[in-house]
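Per-chain residue numbering starts at 1, and chain names A, B, C, D and E are given in the order in which the chains are listed.
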Amino acid sequence: MTLNEWLPLIIVASSLVPGLVIFFLAEHQVTARTVLNLFGATLKLLLVLVVYYGILRGNEYEFRYDIGVDLEFSLRVDLLSLLFAILSSILWLVTTLYAISYLEGSPNRRRFFGFFSICVTASTGIALSGNIVTFFIFYEFLTLATYPLVVHRGTEAALQAGRTYLWYTIGGGTVLFVGVVWLFVLGGSMEFDRTGALAGLAGEHSGQLKILFWVLIGGLGVKAALVPLHGWLPIAMVAPAPVSALLHAVAVVKAGAFGILRVVYDVYGIELAEELGLLTGLAVIASVTIIYGSMRALAQDDLKRRLAYSTVSQLSYIALGTATLGVTGSIGALVHLVHQGVMKITLFFCAGNLAETLGLHKVSELNGVGRRMPLTMAAFTVAAFGMIGLPPIAGFVSKWYLGLGALEAGRPWIVAVLLTSSMLNAAYFLPIVHAAWFREPDGEWTVKRRARYLETSWMLLAPAIATAVLSLAIGLFAATQWSPLEMARQIAEAWYADR
Amino acid sequence: MRPVEIGLDGLLCLLLLVLAWKALRAPHLYQSAIYFIALGLVMALAWVRLAAPDVALAEAAIGTGLLGVLLIDSLRVFARDSKTDPDAESEEPPPGEINVYPAGSARPSGRTLPMILVTASCGLLAILLVEAIIELPDGGGLTAAAQENLERSGVDHPVTAVLLNYRGYDTWLEVGVLLLAMLGIFCAGGRVGFAETRQSNPPGHLLSWLIRALAPLMILAAAYLLWLGKLAPGGAFQSGVILGSAGILLRLAGFQVISRLPPLAVKLGLLLGFGVFLIFGGAALLTGRAFLEYPEARAGELILLVETAAAVSIGFTIFAFFAYLNSRDQPEAQENHAREEGGNQKP
Amino acid sequence: MIAGIETHQIYAVTAGLLFCMSLGGLFLCGHFFKKIIATKILGTAVFLLFISLGKRNAMEFADPVPQAMVITGIVVAVSAGAFALALARRIWRETGQSTFEDKP
Amino acid sequence: MCFLLPARLRAPTGLAVAAVTAAAAVALAWQVAVDGMIRHNLGGWDAPLGIGLYADGLSCVFLVLTGVVGLLVSVYARSFFSLPEEQEGATKLFWPLWLILWGALNGMFLSADLFNLYVTIEVVGLAAVALTVLSGRPPALVAGLRYLLAAIAGSMAYLMGVALIYGSVSALDLQVVAQSIEGGSSLRVAFGLMIAGLLVKTAVFPLHFWLPSAHSSAQAPVSAILSALVVKASFYLILRLWVDVFDGSVTVAAGQALGALGAAAVLWGSYQALRQRRLKLMVAHSTVGQIGYMFLLFPLITLAHQGGADAPWLIHAWTGGIYQALAHGLAKAAMFLAVGVFVLAVGSDDREATVDLVGRLPMTTFALALAGVSLIGLPPSGGFVAKWMLLKATFTSGQWWWAPVILIGSFLTAGYVFMVLRQAFAPTKTPIQLKPVPRAMEVTALLLGAAAILIGFRAEEVLFLLDVEAPFQEAVEAEEGGGL
Amino acid sequence: MTPADAATIVFCLAGAVFFLAGTVGLLRFPDIFSRLHALTKADNLGLGLIVIGLVFQAESIAGAFKLLLIWGLALAAGSNTCYAIGRYALERLPEKGPKEVEK
């Protein structure tokens, strides 16, 4: 075996090993833990970049391992997996920094960081899975690794949320299990690079394939928070801010969305999906989710809950783009996977900063907070504008491509959905921005955490600003060679190459 | 088949069925036990009718004799020991009341449905089973094979050959089962070791004289049976059982048997048969033969040796069953009694 | 008709009946003591079948293999019975419980 | 050849013997893997007169499982029985009894003779009951008696079947019987009786009535042995009879019936487990459910016979069922041991008492969680591989009606596992004083849990071993041929 | 039929008659002592007669001796059993009065 074969495994292990080691460290060995965490995060990022470079030069990275009979574990790198892997390794690094400061002095940090690393392992594994079985293994692994994070605080609300989370995700996992086995029986091991294995079956088994598609979507839709399977997401908000940030930006919800991408493009293939008439249904569900999520977000006073519903809504842009036939729409979906992650993590960092520094949790308490915490609110504003879709921030790019794709595919109603949603986005984000900057503060701030120079601890501030700048940058430089947009374009064009 | 024979066999079988029915349905445990013992004796007759004197011996001695003693000894416990519930204490019949045995078949009325179900399914099973049995082919069996190899086995009696040579492994395990049951009984009793007490009412002079006289005779008989096993019905089991019953008789007459032996000897006695088998088996393996394989030339002597060890162990274990169970209750029962009296005096 | 019946068949059928009867008894009898007796009869029935099968050849010698197995079986069954009795006695002494139903 | 000597000595010797036994099992398995099936005629007498010992892939897999679980449980037991709390009753008899039990289990996996199998299952049964009542506590005594009577009835039914078989083919050796067997009602009845007797011992619904009380009232290492190994033994025997002896005469209806019992067990056992408040009872009920999964194997391999011996799902069903047995053995042992640690430390086995377990007994919680993951069948774990194979076989063979059972069972299992773990993260308001628990106990539980997960990573070796003299050779070859 | 055979038949029949009488006695007599009386007579004499009858069929002196030994042992055991039951009944009688004893 050459190094190229081992690299995918090493990428996955680069967070798993630190995670496991952390469990064996003592609670008070803060330095060792921090070093280990940052080392793992940096290493992973570097490795992913190395692999990206290699892929561009035409190298192949594949790791195979036979579990037994016909179960095969396979990690394989393609552009789509790289897109997701780069996103998660960057955001993991940032979030780790943030979490170290955020949780300073709280109990059970050993447990937290251990599971945190394992959680990222799972999402990298999902990204690199070479076949549907491996995908499923990591998908379930992710469920297990995130549960301790959701209930980390151990309060009654947290336990309640944990329970809801588990019932939803295990239920989804079970449904997905059926789907995966069924798929396996129909079409073999389902390597993601052998698209079209199912195409030959279309004539004979089209009924089965249709049902199977909805079984798979049903399983994945739980994590992707498609209505009506989204119930767990707003409740899971009780987790600490870094967890919510990671959960919403990369780990859990993206796993679902990523899975939908894989199923539509790599398992069924876009042609087969279209032929069976599956895409319209998916598009409808996604649209309903977008509108519903936004409406619900409007009604929330709790900042994190509002953000959560916003996630429900924004996530379905990916599904919507997937279901839009045509290169442009697919590009929109792919690029939104990245853009939404970066923007949403910024918003959660900011919400965390507000809560941690001033103890603010409600939208109605934010009057004038821009004066007390200008940098935080600046980052928040950038991300919020991005979400609404104002140029030149990242969100604009993805919405633009989505809309364009819908028109190309001849589905103007999707554009209407996008516009409505953007208006609703504006309706729930703009009041916050307005209140923060232009209203008078209601009274004195009760400061929980002081910093000497800045508005709050730099370790909390830096990640938020960094991701805000990033979301601005990937919007501004979308046309350059190294942007996510360019990557998305390559992926999508590959999918449609043979059409 | 002569009609007389059929009549005799039919009568025996009918008797078996009736006795079994009675044993299961008798209203008193005591009656159940008696019917069961009678069933065992009739069964021994049946074995003889079926040309299986070895089994008849084993059944009469172990199946009925030993188990009968144990059953009746247990009845003593079930009848005498009162519930530990202190409130019920005063309503208990006075000690010495032997005939009031707890009824065994008092059945709550709510159990009619399961009863019908069980009866119906057992009836169905009976039909299937009888049909299956009738369908079995006539003839067959391994008689011929056993006879053919008899010369190589070192003994002249086929049953002994099967027990100790052809299927010696089973016999080894079976000696193991005895040992295991002893351990199990220790567990059930919650105490390891024997505590024989003197009987509260010593038996008459006549009885102890008889038993004293019988004991050596029984040991002699045991040795004879052991030797006989080589060529005729008899062998380790039967002989072991006689040894065991000698011990039981002594015990019943109030002698302390096991308590007089050092604990190590007790353990050795229990382990002897199992161990000797194992040593021979291992030795055979070491000399390049199969486990438990006897060298043909000396098979007879070796088998006799193994049999002797097995017989001693069997006898000893069987006796130990009884000795343990029989002595088990007495010290504590007396203790309880003493405590109660103490308690009564205080208020 | 009657002359066609062999000794072993009479006993074999009896064995089958005994087996079913005692199986029913095992379920229906309440008291531990009777349940134990039922298991013993159950065993006896099986042994009876074995031995009657050994007698099929109508020879002077019965098949020695079933006989040896039955002797082994009797010892095993008696061991198990003694163990069961010991357990039942202990339960009775400790809790005054003599069936599975009554909870003292 | 390994002959396993029960030694009547205390812990250190016991442990040494345990290690030797486990090593012997592994060595034998190795030899079988390399050289193929081994047969040893005891006493130098060939079948039909003598008794043979016989080791093929199937027996070796179970031998090794017993060896691994047995060794770890022995280590655990050594600490457990030196605790002052666990000295009541006849606990010093644990070692001889356990080693006899182990020897008998091994003897059973190796035996090739129907009557000898009867003797070994009787030894297993008696030793298991004796271990159950070791503590001498009244609930254990009652449960033990119930277990004993059920076991005797079961083995007598089995023996009745053996008698009928001897009556029709005049042989007791498995291979000889298998060759000379023909149809006929007596064989069907014999087969039914044997299977029914063994079902009682395996505690398949609705014959599981004795299991929960017996397994939950025994002491922790004993519960682990009973749940992980003893019920597997009779399952092994059913499997052996089904595929090796009655190969030609099993019917679809019989397979479906057994599968239906298994399915009912899965649902009922898991549901009952969900309802229990006491942890040990919950784990015991869970055993009933998990055993049910193993029985789903029978309809799948039976229908295949009608469809030809090279049906592709055969190998899936076969390995799935056996993998379930292995994974459950490891996971359940881990679970009982972990619960044992917990009960010792906290002094209660109420489900609600697991509050803040993570903070107080992290290693034990982890063991519990790993075992739970395998029981649910979440990847990556042995349980996952098992359920994957079974589910796949149900789809391929067209018997899709078993699939919902598998899934609902998993879902219920997830329910009760997380009911325990849910509390584990809740911080305590009042710090509870924990009794110190020997480290070795926590570590062995964790090792078993980890093993249950790890066998999910590498099924290949196990499957290779299983291939030695396996049934369904045609299917294997067809599979391999197709693969190439 | 040899004279020995005839003797055997006569003695065995006589023995059987004693057994029958003893059994009838056991069933019909009112209290424990008279039942014991019936039983022991039947046992000792009936068995004795049958043994004598069988001695005529014995193949060797040793065989005959063994048969007689059986009788002797049965005699000893029977008398002892009878003695034990009687003693037990006597001890209990003052309190309880006559009652059923089933063996």
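Convention: a contact is a pair of C-beta atoms (placed from the backbone, for glycine too) under 8 Å apart; a residue touches a chain by one contact, two chains touch by 3 or more.
Computed from a predicted model, the values in this text were never measured in an experiment.
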Contact network partition after subunit D is left out of the picture: A | B, C, E
Given subunit A and subunit C, the chains that contact each of them: D
Central chain of the complex, centres being mean CA coordinates: D
Chain pair showing more contacts of the two, B-D and B-E: B-D
Identity of the chain that, by mean CA position, is farthest from subunit B: A
Maximum centroid distance from subunit E, chain identifier (CA atoms): A
Geometric centre distance via CA averages, subunit E-subunit A, whole Å: 98
Distance between chain centroids, defined by C-alpha means - subunit C, subunit D (Å): 28
Interchain centroid distance [CA atoms averaged], subunit A/subunit D, Å: 42
Multi-chain contact residues (two or more partners), subunit D: 49, 115, 119, 122, 126, 129-130, 133, 136, 141, 144, 160, 164, 166-167
Where subunit C touches two or more other chains, by residue: 19, 23, 49, 53, 65-66, 69, 72, 76-77, 79-80, 83, 87-88, 90, 94-95
Contacts with 2+ other chains: residues of subunit B: 129, 132-133, 136, 140-142, 146, 162, 166-167, 170, 174, 177, 180-181, 184, 188-190
Inter-chain touch pairs (all): A-D, B-C, B-D, B-E, C-D
Complex interface listing, subunit B residues touching subunit E: 30-31, 34, 96, 98-99, 203-204, 206-207, 210, 213-214
Residue ranges of subunit C touching subunit B (in the complex, touch as defined): 2-25, 27-31, 33-34, 37-38, 40-41, 44, 47-49, 51-57, 59-72, 74-83, 85-90, 92-96, 98, 101, 104
Residues on subunit C engaged by subunit D in the complex (per definition of touch): 19, 23, 26, 32, 35-36, 39, 42-43, 45-46, 49-50, 53, 65-66, 69, 72-73, 76-77, 79-80, 83-84, 87-88, 90-91, 94-95, 97, 100
Complex interface listing, subunit D residues touching subunit A: 315-316, 319, 356, 358-359, 362, 373, 376, 378-380, 384-385, 387-389, 391-392, 395-396, 403, 407, 410-411, 414, 418, 422-423, 425-427, 456-460, 462-463, 479
Contact footprint of subunit D on subunit B as seen in their complex: 128-129, 131-133, 135-137, 140-142, 145-146, 149, 162, 165-170, 173-174, 176-177, 179-181, 183-184, 186-192, 267, 271, 278, 281-282, 285, 289-294
